[in-house]
Amino acid sequence: MRLKITGLLLMLCWATAAMAASPVTAAPPEAVSVAVIAPPSDIKAVDTPNDAGHAITVSWQASPDEAQKLIEGYEVLRSEISDGEFVKAGYVPYGFTSFDDQDVPANGKDYFYRVRAVGRESQALSAVSNPARASEQWFNTLRINALISCILFTIIVMIFIARARSGQSLFIRRIAGLAAVEEAVGRATEMGRPILYVPGISTIADVATIAALNILGQVAKKTAEYDTPLLVPNKDPVVFTVAQEIVKEAYNEIGRPDAYNHDSVFYLTDSQMGFASGVDGIMAREKPATNFFLGMFYAESLILAETGAETGAIQIAGTDAIHQLPFFITACDYTLIGEELYAASAYLSREPMLLGTLKGQDWSKAIIVLLLIIGLAASLINPGIRVIILQMLRVG
Amino acid sequence: MSTNIWVWIAALLSLAIFSYLYKDNPAFRFAEHLFTGLSVGYFIVLYWNNYTLPYIVTPLVNHRWITLIPMALGMMYFFRFIPKLNHLILIPIAISLGFWNGMSIPLTFEADVLKQIQGTMVNTSMLTNIWDPQKGLMVGLLVMVGVISTITYFYFSREHKGPIKVTANVGIWFVMIGFGATFGYTVMARVSLLIARMQFLFTDWIHLIK
Amino acid sequence: MLKFLAKFGKLDRRIVFALLLAAILIPLLFSVKSHFYVDAATRSIYDYVDHIEPNGRPLMISFDYDPQVAAELDPMARAVLRHCFARGVKVVGLSLAPQGDAIGEGIITKVAKEYGKKNGIDYCYFGYRPGMTIIMLQMGVNVKKALPLDYYQTPYDSLPMMHNIHNYDDIALVLSLAGSTYPYSWIIFAGTKFKVKIAAGQTAVMAPDNYPFLQTGQLVGQLGGMKGGAEYEQLIVEAGYYHKSDIASKAMSAIAYSHLLIILLIILGNIGYFISKKIEQKK
């Protein structure tokens, strides 16, 4: 308490001294205009932290007339000398009590600030601020949390990839849609009709396409086993080549290279709607018992799924295109939603990279949920803990 | 009726595309192919004017030889067609991936993860305004339940049994409601496009709507 | 009766198209008026733009969209530009989508003409700049480097309005109009990194994606689909910045009736589906 009073007294002394030293402020604000509004007070200038220099943050106490809605905004003025000529550095509307002056001419040099309250008819100029110097920082401390979370996430993923590579079995739950895959292949075999597999219409660079191709490998193994005809139309030439290799390999692995039909994986066209109508035609003519639409889809999703539903096929779809998911969910029997597609691909292929990443993501999700629950509990029990968590999450 | 030839062309092409709603026909095919050809042409000109010319030709003409380095890196993409040098394509890919990840991962973490967790947390200011539809406590809790249960649904390391199953089932409800909203918005989007075309045909073309 | 209802389960799509056409055309032809409320996300953009200092820091409007979604986004662009020009707020226009180039120019020059605003002094248009995120990042450091020439090939330094604009600190608000995820990139690469305020104008398909960012304040506000445009049109007419309701407001009644029709068809379609299922089971 005593410290506070001493501090206040010191500030008062300083303010009086500053007023006496500066002729501009010695004259009361009324000199600038008719004294209708009071000027802002307590002007403080500090180097803007965590930046590349050339910036000073100015803050002030709002004019008491703001409550009466007499103030429109504040003009921030800068000068190299406390009693020199002040130039406009910026303007903020009422309600703001700070301004980052990003155009400070030189680093490491003293600058002074004044803030002018601008009303409808009159203005009021504040006292001069303390001197402040702009400087640059190499490290943005406000981003430490992002750094820590990136490092943490990377470490988690690396550990799991290493564990998967070393042959440890990592548990991933079976996804409901996957059970349907086997059933769907069985159904096509019984009916003596082909299976249609569309690996999306995007390029090989898309994660969803890669996931779709992984699952294609597993489906092809099943069709090889049961000797069910498989149809894989493609829109992208690179995806087409990869798909062809994958299917061929799957038939080899099962020991049925003789059953592999080179024309079962084919290239249709590069035009989006052209591809959709091409696949529509296949569905109408061949009447596949099962349709797979896995990978990246755009506006053609509904056209494909609708036609498929009309032919009476069992349809299994999966994509991470959020805007197409509603259409697949309404028109297909099973839909792998977003990450389920990646999970299904990791589950089936057991690829260490995919498994490790998926596990790493799971852990990160668990951490996020934990943070949320702690945050909720804390704000109910002790708001202080919540402030600490928010401080940790603060974004620079 | 409009006297502007471009309005006529646009109107007739619109009608040609609409004719597909009845069935596939030559008018539709013509309009579709015209559009495909047009967009290819547009992009060729665009790439030349916005990439090749300002980033390669002009600097080289002005003897800014440093341009040769990024240009060489870009050319490496063509090694895809030479089987022997195929592996060199990894160099430009590695450079652009490295730059891109370095640039976007920390920012995405901040914007998508940290800031969003912060936004999901219930705060004390919500207590004063329990039923407010924007910032009230009930909405805050609903968002929190939605986030936690949806994350639980997409958690693959545990079997969906017991409490996890219950939470995940709540989560899938949130997901479906979200899809419903997206679906509804999509309907509005498509209808809006149709309305705008109708406005064009009946206002700009045949002047029936004032 | 049951058989009649069952028919709705498998209605010919051409009948649906015809009904929809009627639901849209009748309100348009007879200029049926409709009332609609203004969404909070729209109002917050309006309020923000309403507080930008006239002749001060400009609003940056990015035409990040292609002609196929112009129907939804053009009305927003016009309404926001009218609001700015009527208040004397300066505008910097650009496009990060290849085909947004000419769209932006057409709209900005037309609206500027309405208010007698001059290119280079009251507004600038830079056209399409390739590189998307690179441009977003570069403008945080140096706008001049990112936008060296305007749409008409005038150098940056010859544009009086741009003299005081160095980076995002000199921009009051960035409004990205897009039919894809451009606003999301703006949030990450401009908003998060450089702390500039971002607002989005999105097609209705994309609008739901941004709600998390509205909740956290990473977006100042959002205009969603044609309704967003209509809301903004209504706000500027109410405030007297513009004299008549524009194209999106006129479309609202057609939207309302077509939505009613679709809701009705969904309900009837479901009833029809269940009835026809029951009939089949009986057989």
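Order as written gives the chain letters A, B and C; numbering starts at 1 within each chain.
Quick note on the criterion: a residue touches a chain if its C-beta (ideal position, glycine included) is under 8 Å from a C-beta of that chain, and two chains touch if they have at least 3 such contacts.
Here the structure is a predicted model, which is why all the values come from computation and not from measurement.
Two chain pairs, A-C and A-B, are compared here, and A-B has more C-beta pairs in contact (counted per touch definition above).
The most distant chain from subunit C is A, comparing centres defined as mean Cα coordinates.
As a whole-number value, the distance joining the C-alpha centres of subunit B and subunit C reads 15 Å. Inter-chain centre distance (subunit A to subunit C, centres taken as mean C-alpha positions): 22 Å. Subunit A and subunit B have CA centres that are 14 Å apart. Among the residues of subunit C, those touching two or more other chains are numbered 192, 205. Of all residues in subunit A, those that touch two or more other chains are 322-323, 395. Counting partner chains per residue, subunit B has residues 110-111, 115, 118, 182, 186 touching two or more of them.
Taken together, the subunit C residues at the contact with subunit B in this complex read 14, 17, 20-21, 24-25, 28-29, 31, 40, 68-72, 98-99, 128-130, 133, 137, 187-189, 191-193, 203-205, 207-208, 212, 215-218, 224-227, 247, 250-251, 254-255, 258-259, 262. Every residue of subunit A that touches subunit B in the complex is listed here, in rising order: 143, 145-147, 149-150, 153, 171-173, 175, 271, 273, 322-323, 325-327, 329-330, 337-340, 343, 358-359, 362-363, 365-366, 368-369, 371-373, 375-376, 379, 383, 386, 389-390, 393-396. Only residues 51, 53, 56-57, 166-167, 169-170, 192, 205-206, 209 of subunit C touch subunit A when the two sit together in their complex. Those residues of subunit A lying in contact with subunit C across their complex are 73, 91, 93, 100, 102-103, 322-323, 395. Taken together, the subunit B residues at the contact with subunit A in this complex read 32, 36, 105-106, 109-111, 113-115, 117-118, 120-124, 144, 147-148, 151-152, 154-160, 175-176, 179-180, 182-183, 186.
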